[in-house]
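You will see subunit A twice below: alongside subunit B first, and alongside subunit C after that.
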Partner chain A sequence: MKDIRKLTALTKAGITESLQFRLGTVVTLFGNLIYLALVYFLWKSIYASAGSDTVNGMTFYDTMIYLILATAIFNFLEMFILWDMSRAIQSGEIIMHLLKPMRYRWYTFWSYSGSHVVSFFLTFIPTFLVVMIVTKGAVPVGWNLLAFICSLILALIVNFNLEMLVAPICLYTESTWGVNIVKETIVLLLSGASIPLAFFPEGIRRIVQYMPFRAIYDIPLTVLLKKNGSDTAGGLSSMILFQLAWAAVLIIAGNLFWNHAVRRITVNGG
Partner chain B sequence: METASCRKRGFLFYAGIYRKILVQDLKSKMSYRADFILSNLGMIMTNLSGFVTFMILFHNFPSINGWDYYHMLFLYGFSLIALTPVQCFFDNNWNLRFMVRSGDFIKYCFRPINVFFYFISEVFDIKGIGQFIFGMGTFVYAWRHIGIPVTFVTIAKAVLFLITASLFMIAIMNASAATCFWIINSGYVMVIMFRFKDFAKYPASIFNGIFRFIFTFIIPIAFVAYYPSLVFITPDSVPLLSWLSPLIGAFFFYLSYKFWMLGVRRYDFTGS
Partner chain C sequence: MAKEVLVMKDVSKEFKVLKRHEGLKGSIRDLFSRDYTSVMAVKNVSLTVEEGEIIGYLGPNGAGKSTTIKMMTGVLEQTSGEITVNGLVPYKERTKNSEKIGVVFGQRSQLWWALPLIESFKLLRDIYMVPEKDYQDMLELYRSLVDIEPILHKPVRQMSLGQRTLSDILAAFLHDPGIVFLDEPTIGLDVSMKAKIRELIKGLNEAKKTTVILTTHDMGDVDALCRRIVIIDEGQKIYDNDIDHLKNYFGSYRTLKLRLEDGSWHEQVIDENKTDVMHVIQETQKKHRITDIQLEEISTEEIIRKIYEGGKAS
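Then we have the complex of A and B:
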């Protein structure tokens, strides 16, 4: 019980902190709306040249919903763990985190949770509503919304642990920007955030299917759109299990790597 | 006499200073070799990812708004080269908000040279070079496949229009960085503007009405590749805006510079 209160305190602190910069949220939301218009025009003209309404099982509206909500999820999931960690290491502040009576990984996760809550309500939900209006209610509404939320939370966990796995690389290379951009590019491309996975050529898609990146964008969005058999109990549970399995693998790998890397900090003297 | 010679500072004076600062900056960068390699790798990865997105797109669709694969690649290569100067020479804009907030910015105001010049010259971002090489490769490849003649005139035109195209993105980033003089921690403005640049590689003809206007005259990403490229792609019917783009680019750059300096003056007054 005391533990939970400790964690929700971190969440609350995060909420207060991100509400402080409300102008940023408004501008980001506005930027998203313009971005939405760009995506709309681009895909409208792409579909106009296709000659058919459905390409690889995706209609124009499906693609729109998929890509715009991918942007919204991107804002929702956005974390600066790599930057935080490398800054903390450079300034020596990391030692304060390590001395806290809570695991660094656990502490980071919960102090970010507040900003996730805020961005979910202030940018994700409004973007979602705009998508509903623009596509004239093409988003199926029902139990899939609940499944989508569950899948989104798992996506958050997978994304967080991926960041935690990659972040210690900065300790070895002194290249925060480089490591971050390599990670981000791979995630955005192979997760379907840049272009829906449904459009990938068959051979590549078969490989990408087994990678963890799909768990971050493609699976929640597929669940929301009720594609690929995610509207059946079997299909849905296999996707959720896929997310769970990768979350577990990443947590273990991240822990092992962190335990190894943390020793390097002590060598440097912090 | 001496003050008079101090005030008359020409191009050569600033070029000399720039060279000196650049050498110092490169020396310090070279001491982090792993960072140099990883940053360039990262830059090439982002470009490669854009390329793969194109391949996947054209795997499913024959053309975009009448633009086929090679013409789209031409636009893409053009935009990558045009985006190199902002990456290489104007990257310090990303640090402006931290400097202004912490008060460290004041050091730039105490030097007897142009504040904008001094601030911008402090950082040369080497990772832009990877992007430049990738962009050149794409550009030359598309150029050859479209069959644009290689003459002195076309190459001179290419250089001129690439430079003018780059002015637009520089102007956008200058102006969005300068917002931090008025709004605390305005990094998100830069992030959003930087994201819009991803659409520079698509033909502006896909937008209609109001959005066409916004992306031509307010956030001028249509000038980063689309309008200047038309000079090469449709040489028989080049719109007036394409020919005027060098002038418009210089104007946008001047405006952004004035806006930036206005912020500096405001910063002086608050004395924070």
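Then we have the complex of A and C:
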């Protein structure tokens, strides 16, 4: 594939660009500390008031590991496509992106890829190592790490395409902030990033089970922690297939919507 | 005959604009309004551009210049008419078309903000799949035209506007595109940077036979670069010919300056088709003593101003 040269070039540039702002990593790590302190005390009191060691099959310990790793994944996946795209549309900058000799969605994905690589090494890996050391091996180490990486990449693809599906809405509403808040809240709540899915009431959990958000946080974490049968071949493959299926659906839907949205730019001039 | 690289046939562009009403009441009404008015930004413009030309695409603010450029590059779709660029229909095959064109839009930059210029160049080399040898040759050509060493390793965000514009122009030519669109490239630049950029554009056009479509409000750009000028006003093409013909467009104008015995200069713009310069001098001499005479050709700027102010001329 001749395209590889274009793609690696974009990734490399993204890495170099992200590394220019290395102070940002420090700020992220510091912000995480504050957030995790909050999470710690919140759940401590939840478990204290529950009066038992395990709530919904998870100990306090399990919950903390789950949420800390979810935060690490959040830092890894975080992207500002919605902001960037709406700013680009409002300023007219989007023209420069549309005039690249690559399809816009493809170009955008690979432009962001470098910053993911950087955040993986600078925020995810350190957080993961700290969890490993502090818990002295609560995270199983083995083939699950490989499965986790695959699952994480799929999570990235699902998340990207979800962003790309939502972002063009700004073209119609002309309000970025509102759309972004709605999207963030839905994703963080229904994906298991802020509350482990195990804590959801049975009825809601059954619905959330089929939604794409789970593919972003809950599945990679479940795979990593070898929970819910993800350590069996059948369990693992059904989870990966679930991610693949949603990735495919979102890619197709996002493409259709984008093609419609881009016509709004090319017909009305943005 | 030279190759035609860009053909526009009866191209029009219509924008639909929501009618806005005044005041708070009006704004609330607008929420539910489906009341659109249409604005014709470009009306039946036809244009044929041959390989290697530098065309000055001129017109007053809001005349439809940028709209035309956007249609040529494929980011806007025309309402009617046909456009082909390098044999492609731009809006249908935007990505493919982009491989063979270069674009500089005045205040925008396609460079990577945080990276040194050389990194942007390498990235563009890879995105446009430029062979290494062609890339090196192009850098060599750049070096022969401008002094790029001081800016090559400077991050774009630390550059002055002039350096950034220069860099953006170099970036647009990097993949040796057949056509380059320059939309007000010298806007906001000082005289010496303008001169440098004009030389660069001219040099690249000569070396690579690149067709250049240039929109500008600076007649210095036009005088330095363009042999052919296209003027549009209110979306319609009102002039398309050599710059030399332009001087005769409104008649052959010259400015006659006469210094009289009291030391004052008297200026008069003369249309040589109607009045004879010698006649004016003789008439003046009957009343005053002339101590000095100057005769100036009318500048492109003055002619263009006359065209803009006069609208469609005969």
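By our rule, the second predicted complex is superposed on the first by the 267 of 270 C-alpha atoms of A that agree within 3 Å, B and C clash if a C-alpha of one lies under 4 Å from a C-alpha of the other, contacts with A are read in each partner's own complex, and residues count from 1 in each chain.
Following the convention adopted for this analysis, a contact is a pair of C-beta atoms (placed from the backbone, for glycine too) under 8 Å apart; a residue touches a chain by one contact, two chains touch by 3 or more.
Just so it is clear, the structure is predicted and the values come from calculations on it, not from any experiment.
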Clash or fit, subunit B versus subunit C on superposed subunit A: fit
First (subunit B), second (subunit C), both or neither touched by A:T28: first
First (subunit B), second (subunit C), both or neither touched by A:E93: second
Partner chain in contact with A:A48 - subunit B first, subunit C second, else both or neither: first
First, second, both or neither for A:W143, with subunit B first and subunit C second: neither
Subunit B versus subunit C as contact partner of A:F121, first or second or both or neither: neither
First (subunit B), second (subunit C), both or neither touched by A:I181: first
If touched residues of subunit A are counted for subunit B and for subunit C, the larger one: B
Subunit C versus subunit B - closest C-alpha approach in the superposed model, Å: 6
Those residues of subunit A which subunit B touches in one complex and subunit C touches in the other: 21
Subunit B - residues contacting subunit A, complex: 32, 34-35, 37-43, 45-46, 49, 52-53, 56-57, 59-66, 127, 183, 185-186, 188-189, 192, 195-196, 199, 202, 206-208, 211, 214
Complex interface listing, subunit A residues touching subunit C: 2, 5-6, 8-10, 13, 16-17, 20-21, 92-93, 95-96, 98-103, 263, 265-269
Complex contacts: residues of subunit A adjacent to subunit B: 21, 23-24, 27-28, 31, 34-35, 37-38, 41-42, 44-50, 55-56, 172-175, 177-182, 185-186, 188-189, 194-195, 199-201
Subunit C to subunit A touching residues, read off their complex: 15-16, 67, 70, 73-77, 91, 94-96, 98-99, 101, 103, 105, 108-110, 112, 114-115, 119, 122-123, 126-129, 155
